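Structure, as structure tokens:
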Amino acid sequence: MIEVKQLHFKYPTMKNYVLNNINIRIELGQIVAIMGSNGSGKTTLIKHFNGLLKPNEGFVKVFGKDTRDDSVAAFSRRVGLVFQNPDHQIFSDTVWNEVAFALKNFGFEEEVIKKRVKWALEFFNLIQYKDTSPLLLSGGEKKRLCLASILAWDPDYIVLDEPTVGQDFLQKEKLREVIKMLATRNKTVIIVSHDVEFIWRLQPRLILLSNGEVAMDDTCANVFQNNVLLDKCGIVKPQFVELFDQLTPLLTHPPLDVLEARSIFLKLMKKGE
Amino acid sequence: MLCGKLTPLIKFVDFTFSYLDSPTPILKSVNLEIEEGEFVLLVGPSGCGKSTLLRCINGLIPHLYSGTYKGKVIVDGEQVSEKNISTLATKVGFVFQNPENQIFMFTVEKDIVFGLENIGLDKEEISRRLEWALKILNIEHLRYRAPYELSDGQKQRVAIAGALVMYPKILVLDEPTSLLDPKTAYDFISTLKELNRSIGITIIVVEHRIDLLAKVADRIIVMDNGQIVFDGPFKEVIKEKNLHLYGITVPPIINLQNVLSESGVNFPRYSLDVKSFSEMVKKEVFKVD
Amino acid sequence: MFWFAEGLIYRRQDSVFHTIDPRVKLFVSIMLFSLSLLSNTILEFLIILSLIFFIGVLSKTLKRMAKTFVFSLSFLAMVFIINVLVGYDIMFSIIISLRFISVVSSTSIFFLTSSPDELELVMKSFHLPYDLIFAFVTAVRFVPVIMLDAIQILDSQRSRGLEIEKGNLIKRIKNYLPVLIPLIVQAIIRSEELAEAMESRAYGYSKKKTSYYSLRLRKRDYFAASVSICFMIAFILAIYFLHI
């Protein structure tokens, strides 16, 4: 479990605190989304989860261990971070070696590495590229490669920083399936995202950050009902939530997706006849 | 009585292009006409050739990127392959995806003036155009700021300014909002629409975020595998089935109307946003006020 | 981390000296640099160093000049010791060291007080090829960006278990590859995107470009230049006729 208590953080060269008194607990098997306007501290917060950044006050404990008590490598073994730009991490001569990199760093045995890399590449449909240079892959393939690299070492927590940027519909669907699959395997997926429609389909626990503080930490449905807070954070509601707002009491709850919306409307229109 | 149309501002005639190191063409026999003043949205899955198409309009292809170039691309009556990029820069402005890598100078003002210095205009003219661009894009207060003092949204506005001062007839944008948060992206697109309305500049934008452009684009072109699959008014094309197979994220409320239409339910009006859909549904379907 | 470089990096400051035309500032720097090479006695160096000190006070950059000064002191001590060991007499070694300090300080005056914008305009006034000037401007503009990239890349790789502090020398050098390669790749991607943007804004339209900004000499520039020239003449005369 990740436990954040009274976390205060500011960058050494800056005056203002970026994170103010953050208190969060994240157990295994959850899907958690972190949203907030630019500068609200989202990326800064997730960097605390594997010890890249350490709190000025308060603490962050991962599986009971304070992040100040061990190396980033040790925490990364259990908390995997995938940053937004794949070009910031791709460097190996082959796709295979790119995925194997982290496994080698963590001290896995050769046999295990072979199995894990093969699994990861097959799962993300990249096995045909195993001997190609990763720099030659397309943007979408690079993003899949980064995800494959993280899942290869099987961390308990997977943290994704803006995974849907620049992705088209099919790529986003695949991502959604992967996230759901991970949650069923008792992993926790933490997503930082601006994409409200993508988040709405996932129905995660939603943590809203504003000015470095936790403004709200609740189910996705409840957070998207808080108009005042959403306005303050510059967040636009998912269209189906807005639909529910406009058509209450005809609708009893916001539809999860287009299929549910369709059946609700078909029923309503039958009633009206 | 006015007769006939003006010749299209942009014309692709049976155009095929493959990059130097690739045997397969990225654009295959493309035929396309865009009139002056249109606001066109260009979409398609990754690798379909949309970014390449944009670069054929301002001359980056074939002048910066060589390859096998067949057919014609005609912009404002002249063939792109016969004019160099620097001349085309006064006809076609280009705004790129990454806000950082298109601002070269130390201050906003200097960066906007960059293109005008290059084409050798006199100082008074440069000054006039500079003031106009700062005003029309609402960035007068950013005039002396350095790039690192600007937010990404502000950088993208500065990028438009740098292109607009060249007085182009066409503004081409390659995923300009993909690195921006939704609110900033929305403001950016509104600015584009305002420019299209007020000065009549033709706008061609490649974007994944259809929801932002639903009420703003007159026309949508869907590409796949180097060819144009759909091309028409936004309201018509967006009703097509299986747009998601082309990587397009159809906004939920539009998707809902399409899906209900397949089930035999047709509404009196087709709405592009939640508000107008709800109002229509309440008044005309459920007869509620 | 790069504290000793503080003496070479420009920072905005509201001092009279900063507002002087950069060509005059360059002249002052070069003049002091040349006089440092010409000087041979302790008295001569004391005069030069006092002038440098005075300029430091005038331009409010004394503190940062001093930081570079402290750095050069250690280097200096090394030069001094080597000279003594090799057998040059002490006086000679002192002179060498003083010359070193003077040369470094006089150079730093120009760089401390001139912004990259001014450097660009100076280069333009010398009619250096525009491609060169543009390369310089772009480099300075993107250095902070590249540094930020480096931090992000390091974060990404550390999150994959990379420990750059560990291991013997060879392992540590190998550990820098996962940081260097993405950095270089990013730099290449960046230059491609820059090239596209530059071309799209008519770079290379013609050899004749308008200079919207230009340097103009004002009263204070003429004053500073005359004072410097007088000082230089007086100094040279004093060396040869008064044998100071």
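A, B and C label the chains in the order they appear, each numbered from 1.
One rule holds for everything that comes next: a residue touches a chain if its C-beta (ideal position, glycine included) is under 8 Å from a C-beta of that chain, and two chains touch if they have at least 3 such contacts.
Only a predicted model underlies this, so the values are computations on that prediction, with no experimental measurement involved.
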Contact-graph distance - origin chain A, target chain B: 1
Chain pair showing more contacts of the two, B-C and A-C: B-C
Centre-to-centre distance between chain B and chain A (centres being mean Cα positions), rounded to whole Å: 30
Mean-CA-position distance for chain C and chain A (Å): 45
Complex interface listing, chain A residues touching chain B: 37-38, 138-140, 165-172, 194, 196-197, 234-236, 238-240, 242-243, 246-247, 250, 257-259, 261-262, 265-266, 268-269, 272
Chain B partner contacts - residues on chain C that touch it in the complex: 115-117, 134, 137-138, 140-141, 144-145, 190, 193-206, 208-213
Touch list for chain B against partner chain A, complex: 45-47, 151-152, 175, 178-179, 181-184, 186, 208, 211, 244-245, 247-253, 255-256, 259-260, 263, 265, 274-275, 277-279, 281-282, 285-286, 288
Chain A contact footprint on chain C (complex, rising order): 149, 152-153, 155-163, 177-178, 181-182, 185-186, 189
Complex contacts: residues of chain A adjacent to chain C: 47, 50, 52, 71-73, 76-77, 80-81, 83, 85, 87-91, 101-102, 105-106, 135, 149-150, 153
